[in-house]
Amino acid sequence: MKENRNLKVHTLLDIENLKVHGRTTGCLSPLTVFWTGSGIELNAKGSELWIEVEVDYDMYEPWISVVINSSPVSRQMLTAGRYWICVFRGMNENEVKNVCIVRDVQAMNGDPASFMQIHAVKFDGEFLPIEEKKYKIEFIGDSITSGEGVIGAKQEDDWISMWFSAIDNYSTIVAKALNADYRVISESGWGVLTSWDNNPHFNIPQYYEKVCGILTGEKNETLGAFKANDFDSWQPDVVVVNLGTNDRGAFNSPEWIDEVTGETYKQRLNEDGTFNEEDLKTFEKAVYDFLVKLRKFNKSANIVWVNGMLGGEMLPAIYRAVDIYVKNTGEKKVSVFQLPNTNEETVGSRKHPGKLSHEKAAIELIGYLKEIL
Amino acid sequence: MKENRNLKVHTLLDIENLKVHGRTTGCLSPLTVFWTGSGIELNAKGSELWIEVEVDYDMYEPWISVVINSSPVSRQMLTAGRYWICVFRGMNENEVKNVCIVRDVQAMNGDPASFMQIHAVKFDGEFLPIEEKKYKIEFIGDSITSGEGVIGAKQEDDWISMWFSAIDNYSTIVAKALNADYRVISESGWGVLTSWDNNPHFNIPQYYEKVCGILTGEKNETLGAFKANDFDSWQPDVVVVNLGTNDRGAFNSPEWIDEVTGETYKQRLNEDGTFNEEDLKTFEKAVYDFLVKLRKFNKSANIVWVNGMLGGEMLPAIYRAVDIYVKNTGEKKVSVFQLPNTNEETVGSRKHPGKLSHEKAAIELIGYLKEIL
Amino acid sequence: MKENRNLKVHTLLDIENLKVHGRTTGCLSPLTVFWTGSGIELNAKGSELWIEVEVDYDMYEPWISVVINSSPVSRQMLTAGRYWICVFRGMNENEVKNVCIVRDVQAMNGDPASFMQIHAVKFDGEFLPIEEKKYKIEFIGDSITSGEGVIGAKQEDDWISMWFSAIDNYSTIVAKALNADYRVISESGWGVLTSWDNNPHFNIPQYYEKVCGILTGEKNETLGAFKANDFDSWQPDVVVVNLGTNDRGAFNSPEWIDEVTGETYKQRLNEDGTFNEEDLKTFEKAVYDFLVKLRKFNKSANIVWVNGMLGGEMLPAIYRAVDIYVKNTGEKKVSVFQLPNTNEETVGSRKHPGKLSHEKAAIELIGYLKEIL
Amino acid sequence: MKENRNLKVHTLLDIENLKVHGRTTGCLSPLTVFWTGSGIELNAKGSELWIEVEVDYDMYEPWISVVINSSPVSRQMLTAGRYWICVFRGMNENEVKNVCIVRDVQAMNGDPASFMQIHAVKFDGEFLPIEEKKYKIEFIGDSITSGEGVIGAKQEDDWISMWFSAIDNYSTIVAKALNADYRVISESGWGVLTSWDNNPHFNIPQYYEKVCGILTGEKNETLGAFKANDFDSWQPDVVVVNLGTNDRGAFNSPEWIDEVTGETYKQRLNEDGTFNEEDLKTFEKAVYDFLVKLRKFNKSANIVWVNGMLGGEMLPAIYRAVDIYVKNTGEKKVSVFQLPNTNEETVGSRKHPGKLSHEKAAIELIGYLKEIL
């Protein structure tokens, strides 16, 4: 290999024109990349670029995609260790390349050891300023928004990082179409009240104000995951909430037992298969309360609660909760939007929305957001 | 990281149920992966799989894609060195995964130092037999068949490995649809007579009988690239030849000067912009001669000469050459098939056919091959 | 012209295996075809078939489409008069053709003189029994369900019969996909409470129990349009209600003045552009009341209120009304489903949903109905 | 019906701004509409338009489509007789409507009694000038170019007028995309040498110079069908010849016996299923001779011989014939272009190309013609 002697190492702190995507602690030495869809963006005028990552995990390794000039060019697993990855080489040194390094897997609540960091870049050119996008959008969701099932054959059933994608994901497609920066807050299996298996601790709202509160373990604490998020630094124009699908599942799952307290939790069905009225109310209250919290931290954002990509059975309850919220607050910028359901043609692996389902959902959501923006 | 203590290293020689794709020297310790679309296939019943690669180059690095159960899951640059790459981890140890490691970049004539090898795999399970495919197809071509331009934004213009793809390539799509194993012999810029810039040494036919004769340099000689290919071990049902596009280009390019002999080469245009009759005849003779050679090594294959994805101006000459060949030999299994042209909607990077163009070409070619098989 | 001497005239009364589609008075001598999507179906084993129609109007003429073996073959304007129309000729007399004569234009409230009748058929073969469809679906709607804008260039703006279609219409596509007979009750510009211009008399609910109560004039009275519909004879499995889009429009239209009483009607907007709370309540009450009426006449049908093909701004109010209805009655078979919005690509003439929009809406609705059936 | 008292009858002769499409005798009182795709075009500023047609036939009735502002709005059978047909009514009298009345069925060789004429129009406005199109294209072909099979269910097998379409036809789509006027010369079952059943009288070339020489009978003689066509009045920029598919069929059909002379005709297959060399030469000579004739009458047109929508087995022979023609004449503006084959997804009725196949062929042909124009 001919060595490129012009490469210089830059810590992220050194790079004036660095754009960081996704919620972080503000620390750049190194940058911890918590959420799916997060990472860094550079306008790189030079011929060869590397990034230095540091990664560890017990079970669920992170993956990244590299996007050059808005076109995905690679996607790879990051195994444990600290090492350099080549992003591109041999390119025209006079051309500016817009480069995004995107975390392609959700933050992993189930693996306290899992983290991904970017320490530095190695480059033989200069980094130019990055144009501001027109909008900012925050997507909050579950496995759907985490892109679980976008990758892999339909038959795949393992719960592993490999099947996740931030790229062929409705969030990314919508953001690109609207010329928006975006952030994703999402966790597979979680809901607005409980997880799919009735665990009342696995809901997004109670961790929303932290940088990445859904994580666990000392390592993540050290990394700052549980610090308060700095909402002032990034106020979205739109918050898309795609929660409720796992809350729906909870009605069909066995009770969850708190092994510490012995308490049990269960969203109940009536004997005729309909939702228990009381439990449904609890769900609606959770939706309501999350709207209150979202508004607290996102003062002027349009909040759009979406649902439907894996069935829309919670939509009536979501509509009720939003209705009461709107009535009580007099706010206008909160609404509900149904996304198209996934079918045999559009399904991906793990019975989750595939690439075609994400594209279809994105088209409808783009249309809706264009109207309200 | 929790170490997986069940992983065992297997050299390729150890693996009974290994399937090697693409022309090789027969050597498995290590396996040199010469051509795009080449690599190894395993039916892996186990939870975690790694491969050990060795790679070097001066300019053009290789890339690989990983395809699991026929679905692409990753694609990454291979930088220089000898190291392990994780293919999958954390999967159900009782399920059999069909895994292909596919070289995603063509053999690189222009970089004598470039090579890619697979030394070994690390696995915690067993490898099961791989079902025979119904057909064998060999694709011979240029940048189109090398998948140049499938990856990357339309504006990209660098000539680098990154823009190549063996996956979203008409060859791979056709082979999959017909349940066929396949091999690819292809080199960007090359023709059946000369390259796009009139270099008479850059044509596929004169290297066809070697394992990977288009390569250069001592290293590749050591690796066996210039040894005679063992045609008996793999006799295709169909040979698809997609050459002629660069021969067309030669008519519009300046003469090529042999720096050793001082001789010049040039396919000429008449003053009215039409092809010089004599030079066209030379091209037709090259087509004819290649058919003779192809038949020599592929005794019973259907030979289909295709053209058109970047314009079909050589088709009349190709038809004439095939015509004479059929007349002289009395053979029936040689034919010409026009592929759909690339347009603004289907173009990829570097003004080459994009993913949509490859898909479109594949659909037509699948229809044609189904008829003749 | 060679006369076909085997043709025999049959009044509709004579035909044992006649299937009449759409609400009628029961009278077959002649059959008045009131609603769009209505008409007759025959399994005709013979070579040549004609129908005798009688038609009149002052402004809005009817059109028909002929559908043979589920494939549309012709579409034509019916001008005033009583005359014969050839449906097919020269066909194999031994083959059975399934033939539908479909009214392609809505019942025309605005033209008391407009009617369409079928008196008889002329045929040289025999009519065979027609298989029962699996389901029955009733579609209730406005211009969208009337297929206004499906035909014609985007620039068209005349309000005329020519732009209507029952064929490339979501109702027809859904019914075909679900193997269902279907009926359509629809009127352009009408709503569930008022028309787009605040006319409180132009709503579907108040005429729902009549055969075709939205019509006017003595002629239509004579034809039986205002007689009570015989609901017992045709109980749908699903009632799809696509109303609300014109009620939305009323908020943006000037008040409507009753020229008889001098009373004015107006759905009001607040100064900030939001809906007046009181008027929205009136709309919700209209939805509620229509549900009560629908249930009265359709004892066991699934009732699905759909909206969204021209914007879904009434969906929150529709959800509220359905919610209260479900709560008050304890019924489960009433729900709301959002249809995809029309965009620049899918729009037809008169700024209404085009063929592509109807196809897209149908795909989503088919998916939803398959779930609940 | 309210009579429109402003309607005035205009014979075609009276209309200054009339555009006649398709080959005719020049006679306008009445205009005989011979070929599919033929008819009249008007820029009609007024509210209501009728045309007076006269039609007769023994077996095969004509059909017409009405196209308003480039959008098809109706399609109907024309039964025998002389009568008025309403094209539109109730439209804005101040808007100009571009209106085409298009014959939707080929000239019928098999029915000497079949003809279609337009006598006059009835209108309440004025006819404005019609803009010249950029190009003129002539399409010459067989059932494919006649649009046989575009209409009707896949199961249909009757040979009747109903299944033909000039509208969803590659000829019309190509002409529209290139902003071209076009003419169609086509007859089902016919070839360049013989028909599908070896009839040597059923080939297009021998009647090419007549207005509509493929017709038969005294009536058509009276109408001028056999008069010399006035080529000077309409010189195409492109002639697309889509012949050869039936010549292919002849090789598989029994011999044809001339009942007058007792002579037999047969294109023979060799025992191994390949084409008899001598008979193939005869076919190639027919192609060659037709090129000579086409050039005689179309001095400066690009001549493109296309083939492939129902298999491309004659392409090698067509290439050979064109090759010799080009060599002998030194002409450059003659070429061959392969159209995509029809498959299960794109097939229509009577095993012929359906709408999707025509659209696909059109896209490829548009690309090719754009290059050469």
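As written, the chain order gives the labels A, B, C and D, with residue 1 at the start of each chain.
In this text, a residue touches a chain if its C-beta (ideal position, glycine included) is under 8 Å from a C-beta of that chain, and two chains touch if they have at least 3 such contacts.
The structure presented is a predicted model; accordingly, all values stated were derived computationally and were not measured.
Asker: What chains touch chain A and also chain C?
Answerer: none
Asker: Taking each chain's centre as the mean of its CA atoms, which one is most distant from chain C?
Answerer: B
Asker: Report the inter-chain centroid distance for chain C and chain D in whole angstrom, where each centroid is the mean of the CA atoms.
Answerer: 38
Asker: Roughly how far is chain B from chain D, centre to centre by C-alpha average, rounded to an integer in Å?
Answerer: Centres of chain B and chain D (C-alpha means) sit 44 Å apart.
Asker: With centres defined as the mean C-alpha position, give me the chain A-chain D separation in Å.
Answerer: Computed from C-alpha means, the inter-chain centre distance equals 57 Å.
Asker: Which chain B residues touch at least two other chains?
Answerer: Nothing qualifies.
Asker: Show me, using the given definition of touch, all chain pairs that touch one another.
Answerer: A-B, A-C, B-D, C-D
Asker: Touching residues of chain C toward chain D in the complex: what are they?
Answerer: It is residues 1-2, 56-61, 63, 68-71, 73-77, 79-80, 86, 88-92, 95, 113, 151-153, 155-158, 160-162, 349 of chain C that touch chain D.
Asker: With touch defined as at the start, can you tell me which chain B residues reach chain D in the complex?
Answerer: Counting only chain B, the residues touching chain D are 272, 274, 308, 311-312, 315-316, 319-320, 322-323, 326, 332, 335-338, 340-341, 343, 364, 367-368, 371.
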